[in-house]
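Below you'll find the structures, each written out as structure tokens.
Each of the two complexes below includes chain A, the first together with chain B, the second together with chain C.
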Partner chain A sequence: MASSTALSFNFSTLSTHFKQNQAPLRGICNVNSVSLPSRGIRPGSFRRLRVSCAAKPQTLDKVCGIVRKQLALPADSSITGESKFTALGADSLDTVEIVMGLEEEFGISVEEENAQNIVTVQDAADLIEKLVEQKAA
Partner chain B sequence: MAASGVSAPTRTEVLHLYRSLLRVARQFCDYNIREYTKRRTVDAIRDNKNLTDPSQLAAAFFDGKAQLEVAKRQALVYSLYAPKVKSIMDIIPS
Partner chain C sequence: MNIRCFQRNFSAALPPLVPLQLPSPMETHLWYIMPDEVKNSALLNQYSELLSSCERESVSRMSGDQLKKRALLARALVRTTIARYQTNCQMNPRSLRFRKNLYGKPEVEWRNEDNFSPPPLHFNISHTSTMIACGVTVNVPIGIDIEEKQRRTKNNIIAFAQRYFSPYEVKVLTAISDPEVQRQEFIKLWTLKEAYVKALGKGFSAVPFKTFTIRFRDTTMRNFHPPGSSVSEESDIVVESSEDPTNPANNWQCALLEVAGSHYGAICMEKDRIAGENAPMKLTVWKTVPFVEDVCVSGTDAVLVLGGIIEQ
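On to the complex of A and B.
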């Protein structure tokens, strides 16, 4: 809650600053300041607007948890969306097992070709999102 | 011995076999057999990970395929007489 009010406060100061300058800039700034408060902000959703077809943070967290357990990594090792499986020390057999674990966790079925194209953690999370949507549809 | 014309499996074939074995393992209704199949495939595939000799690779791959057939048949047979009471390990604490 406090952070959302901080965000809106920043934009209102920006808009007052820009009013002194040219009109086109003020137009853009007004659009920004209107859209955010009307969404009932969480900082996570603001981030999601920027990136196209990104997976939800909860999905990514679950994926990271499964990867961490499968590769027996310590709890403080960082796994982000951009970490490649090979960089984390997983060989192709580990990748197969991780994909199986993800299938079981999310109740989906990953095709052969899709499974071979998974390189980073983010790829896996996006694929899971897509399959869950298809299943729910 | 077998003819020397048998070629070694490719990497994708082996991964496909691995995936199929794990999928079949999931179909067993009995918790113990399911876990055993998963454990056994993981152990066997990892044991044979570093083979380089083509005839050994072909033999191991052939074994794997035979076991896959056995597992598929047995999963079907077990499902015909599935127990009505689930194993305690299958019950997720609510």
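On to the complex of A and C.
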């Protein structure tokens, strides 16, 4: 059984290294408290779960909703975290409007440097989580 | 025999590209395609042959047929247009290589070969769902942006401007009482700001929109142009940077156009020192379908100058 005393990783530095491995490991992104399922976790996989910090599914869903609305995407079009904004047809005005919509929805402020690095929907969700956490801290 | 010249056609079905004269200093060539008018799937397939495999893959990753077609046409336009400006011999559009500068701005990667002096071409593209445009200059960087005139924002315009534009620009927009006129002026301002940032080529975070102001200035000091000349002098467009003294914004010349009755288009290019401070920007505009036809639309209703000192 995992014990919480083993959890002393520094999330923020590690999460940026493991961006590409986020897909199967969503839902674990909370610095202060960790809730782990009580069974099925092998000690070896524990570390792997902790370092891959991705945005909560609810955040991602909200982001997808805002993107879908801004780009007026048909209901049956698929948006996932991996979707690139440009591939969805977003131009620069769309991207800026999406960022503004996200700022309003989540009560955050996105600096232009950070906005420029947003390539995928997941990038946006992760940035939001980071900013929300910083604001709460 | 110059081995870089491709004497034969690269594709049996496509005619050779008609070569083009380079733009002169202080001149912009603007090329645009209307994607809805390009329906021939054989032609589209042939365009696809011109792309690099990397570009083809990017096109395939676009979501839906319309976006794929748009991406394909954009690459075909850039490749064929640049290939046509080769002064030495006919260049194969397929063999052009592109890269991004340090900040992500696309540019041509010329091959460094003996006796081959690449033309000092600069280009920039922009697209909407109904138009793809490519601007070309020599010697100086260029940025362009086009937006549909009917473009609507999801956010309130003033709220958006307060968030992203400079205080002066917010003031100008707020003073417009008619919401439709306000929306149009907002779109025009957006295209100008985009074009400026793209011309600088240092990425959006290097020149946040709030740090510079674009404004229209009545040309009280009119340069004397002979009657019948084709210089439009409605108003000059001035860029003022609040932050960067090392790159004074009066180095840059802007134009605002209405294109094809449906789009606002902004062009921003660095001034050519030799041409002089108040020299008009020369502009030639073509509507094109690569390999099929070019129609020069300069001086017609398809190109209306809304701002900037422009000679067509």
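Here is the rule we go by: the second predicted complex is superposed on the first by the 87 of 137 C-alpha atoms of A that agree within 3 Å, B and C clash if a C-alpha of one lies under 4 Å from a C-alpha of the other, contacts with A are read in each partner's own complex, and residues count from 1 in each chain.
Convention: contacts are C-beta pairs under 8 Å (C-beta built on N, C-alpha and C of every residue); 3 or more make two chains touch, one makes a residue touch a chain.
Please read these numbers as outputs of a predicted model, since none were measured by experiment.
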Partner chain(s) touched by A:K84 [first = chain B, second = chain C, both, neither]: second
Which of chain B and chain C A:L93 touches, first, second, both or neither: both
Which of chain B and chain C A:K69 touches, first, second, both or neither: second
Partner contacting more residues of chain A (chain B vs chain C): C
Which of chain B and chain C A:E112 touches, first, second, both or neither: both
On chain A, the residue positions that both chain B and chain C contact, one per complex: 92-93, 96-97, 100, 112, 115-116
In the complex, chain A residues that touch chain B: 92-93, 96-97, 99-100, 104, 112, 115-116
Contact set on chain C toward chain A in their complex: 61-64, 66-67, 127-129, 145, 147, 151, 153-155, 159-160, 163-164, 190, 194, 203-205, 208-209
Interfacial residue positions of chain B with respect to chain A in the complex: 11-12, 15-16, 18-19, 22-23, 26, 42, 45-46, 49
Residues on chain A engaged by chain C in the complex (per definition of touch): 69-70, 77-78, 83-84, 87-89, 91-93, 96-97, 100-101, 103, 112-113, 115-116
